[in-house]
Every structure is written in C-alpha cells, then in structure tokens.
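Chains here go by letter, A, B, C and D, matching the order in which they are written, and residues are numbered from 1 within each.
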Amino acid sequence: MKIQIEYFAIYRDLLGISSEELEVSDGLSIKELFLQKTDALMDRDELLESTVFAVNSDYEDCDYILKEGDEIVFIPPVSGG
Amino acid sequence: MKIQIEYFAIYRDLLGISSEELEVSDGLSIKELFLQKTDALMDRDELLESTVFAVNSDYEDCDYILKEGDEIVFIPPVSGG
Amino acid sequence: MFEITTNVLKIEDYLSHVQDDSHGAIVSFLGVVRNIHEGKSVHKIFYECYEKMALKQMKKIQDLTLEKFPMIKMVLVHRVGMVELQEASIVVLTSSKHRKHSFEANMYIMDEVKKLLPIWKKEHHPDGETSWVGIGS
Amino acid sequence: MFEITTNVLKIEDYLSHVQDDSHGAIVSFLGVVRNIHEGKSVHKIFYECYEKMALKQMKKIQDLTLEKFPMIKMVLVHRVGMVELQEASIVVLTSSKHRKHSFEANMYIMDEVKKLLPIWKKEHHPDGETSWVGIGS
C-alpha cells in the first residue's frame, strides 16, 4: 500500500528531501517506518527519543499501524510561540 | 493649627466643595475630623465604613493625629483600572 | 514608566518602553469601558483622579513590581476624564525574557492598581443618571 | 479566529476581533525574537511550519480554550518565515468581562501552543551558523 511522508525542519535537512510517496508492507508501525528511513543517520536513537509522530495532521502513538493513503510526518520537538 | 482638605468624587458631590483650609485643635484624629465634616450627611456610618484616609498622598489609619500643614483626603472605595 | 493622561490610550504608543533585545515576551492589559455594571447599563464613564497621590501610588506600584520581578520592564498608564464605551481607561505593559514573569507581573500590577490608586468612576447611564462606583449603590 | 501568516504582526490589526461591548478586559501576548537563547547569540529566526497540521491544531486549541472559558473571545496568529530581532512571531489576544479570565485564557493558549503546534525555529547566529531549536543541541 501507498503512504506519503512529508519532511520538515531537521528531518528535511538530514535526509535531503521534503516529501516522498512510498510503498510499504501491511502491518508496518510508524515507529518501524521511522527506523527504516533514519537507518543511516547518526544519533538515530536520540532522534527517536525526542520525536513524535503525526498521521493526517493528528498526533499518533509510535505503535500506530500505517493505512493506505496516510500522510506521515516525523515531528521533532516543536518550538512555536 | 492649619490643615487642608481636598474633596473628591462622592465627597465633593455630597459636601458641595472641592477643598478647604481649616483650623483644627491639637490632637484631633483624622476619624474625628471626618465625623465633624460629615455630621450632616445621611448614611454617615456607612460612608465611614467604606472610606479610608490619605495624608499628604499616603494612606494612613483612621487614628492618625493631624499635624500642621497636612493635606487630608477622604478616600471612598477606589475603582481605578 | 507610568503616567496619567487624558489622551486616548493605544498599546502601540507604549510598546517601545518595554522593548529590549533580550526580552522575548510582552504582555499587555487593556481595561475598556463595558456596557453593563452590576446589572445597570453604562454608556460612558467619567474617571476622576487625585492626581498627586495617584502618581505617588503609581511610583510605589512600580517599585513593588520591580522588587518582585527585577528583570522586567513595565508601563502603567491610566486615562482620566470621560471615557466612551470600548475605549481604554488603563493600559499595562510588561516584558521579560520569558512569558511567565510578563504575565505574573502584569496581573500583580493590576491587583495593586485596584487596591491603591485613588481613582474613581462615575458611570453615566443611558437614562442620563450618574452614579459613583463602589459606594452608596 | 486563528491564522498563520508571513506578515509582520501588530496587535492593533487584531483588536477588533476581540472587542465586545460587554467585555472590559483585553489581554494580549506578543512573543518576540530575542538576542540570546541557551547562551548563544541570535540575530534572527526562521519559523518553519507544517501548515495543514498547524491550522488543525490551532482549531483544536481554540475549541479547548472556548470549552474551558466559554465567555471569552480570542485571536491566535503565528507568523512563519524569517523573523528579525524584536519582531513578533506570535500574537494571542483574549477578552472577557473581567480580567481574570482574559489572563488565564491567554496563558492557557500559550501553553497549548508550545505543546501542540508543529512549528520549528531555525536560529540564525551572528557568525552565520544556524541551528534547529530543541534537538541535537
């Protein structure tokens, strides 16, 4: 099934892309997706610890199971205001 | 000795004057002065209860003893802001 | 800074007094004339002030506030005279590094204003009647 | 009302949205860029935003706030893009009958903004370096 990832802030800088459409296997959790996409990054564990996840513009737990058409964003610590 | 009374807000309306210079006897308290000046007013007790006193632009207790040259103001409930 | 004025109050006229390159949070309070008080309609309010004492008390409020919140900047301005519906009678500005102190200092200043400033409201009602707020009502 | 904009923020542009003849207290918060953060000099900040989600979260903050403080009016505006020293990145306005709710609602909104809005700061330092706030620093 297909999902969409949008990259913002430090993730766009680290991965060098701003979005991608992706084919993923059924039953994949958002945390597993994150680990796949950040596999090559230094400090991956530290990043995971400070990152939360958004699915279709709402916050979701890291064990959320991806669904067809989801728009996924890895949310580093927010600093609005 | 001489003192000065300035009247504001409801006291100026009730007494019909905005200030006066006054000769008072030694040892007079500000509460006694208030009772003299408001002797003729209806609801004098109620007024006394809700009024505080200022001497030379500072708040003072009702048992303050007047001194030569004091500027006295009867302060009804303030409602600034 | 603090002052008493008969001018219309606008926040933007006072912002520069609290700006500081190291401050990130500016809180402002505007007290405006509203159309009802204790169930009675109000269409404007006359603010009367014992100015000499009010300025002395404003100075005291400023001293107390800067003692409690040493790192802030503040503005306290009260308008006197006739103030129309939805015009401001008071503006209080506070700034500091972070928002917590800006909010707390602003609330503190307003609490002290309500206690200390010798300023009185005469409400003007739509029927032409007037009444002093806080006494004999 | 709430919005995300690239325009310079001014309180007076938003005052009319919280004015109400029955409201006597308007509190505004301005978050402005300051010259230091965690010991490092800052001379401007780039605000990046996941706009679709930020607007959804702003709507949620507005709903939560009006549920907690039913009688208030509010404005929440966040600026994005490059914001210079002492320019505002956020303005929050709240109004109500009395000042207590205006202050409390304003602080509540700011707390939720800091938790929920997917907006990130990239600080620009005087030496030309940049850093994302809150990660890897």
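We adopt the following convention: a contact is a pair of C-beta atoms (placed from the backbone, for glycine too) under 8 Å apart; a residue touches a chain by one contact, two chains touch by 3 or more.
These numbers come from a predicted model, not from an experiment.
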Treat subunit D as absent and tell me which of the other chains still form joined groups. A | B, C
Using the touch definition up top, find the fewest steps from subunit A to subunit B. 3
Centre to centre, by mean C-alpha position, how many angstrom separate subunit B and subunit D? 49
Whole-angstrom distance, CA centroid of subunit B to CA centroid of subunit C, is 26
Mark out which residues of subunit A touch at least two other chains, giving numbers and ranges. none
Residue numbers in subunit D touching two or more further chains are 31, 110
Which word fits the touch map of the chains here: line, ring, star, complete or other? line
Go through the chains and record each pair that touches. A-D, B-C, C-D
Contacting residues of subunit D [partner subunit A, same complex]: 31, 47-50, 52-54, 56-57, 78, 89-90, 110, 113-122, 132-136
Once bound in the complex, which stretches of subunit A touch subunit D? 6, 8-10, 13, 43, 46-47, 50, 54, 57-59, 73, 75-81
Over in the complex, which subunit C residues touch subunit D? Could you list them? 10-12, 19, 21-36, 85-86, 97, 99, 102-103, 106-107, 110
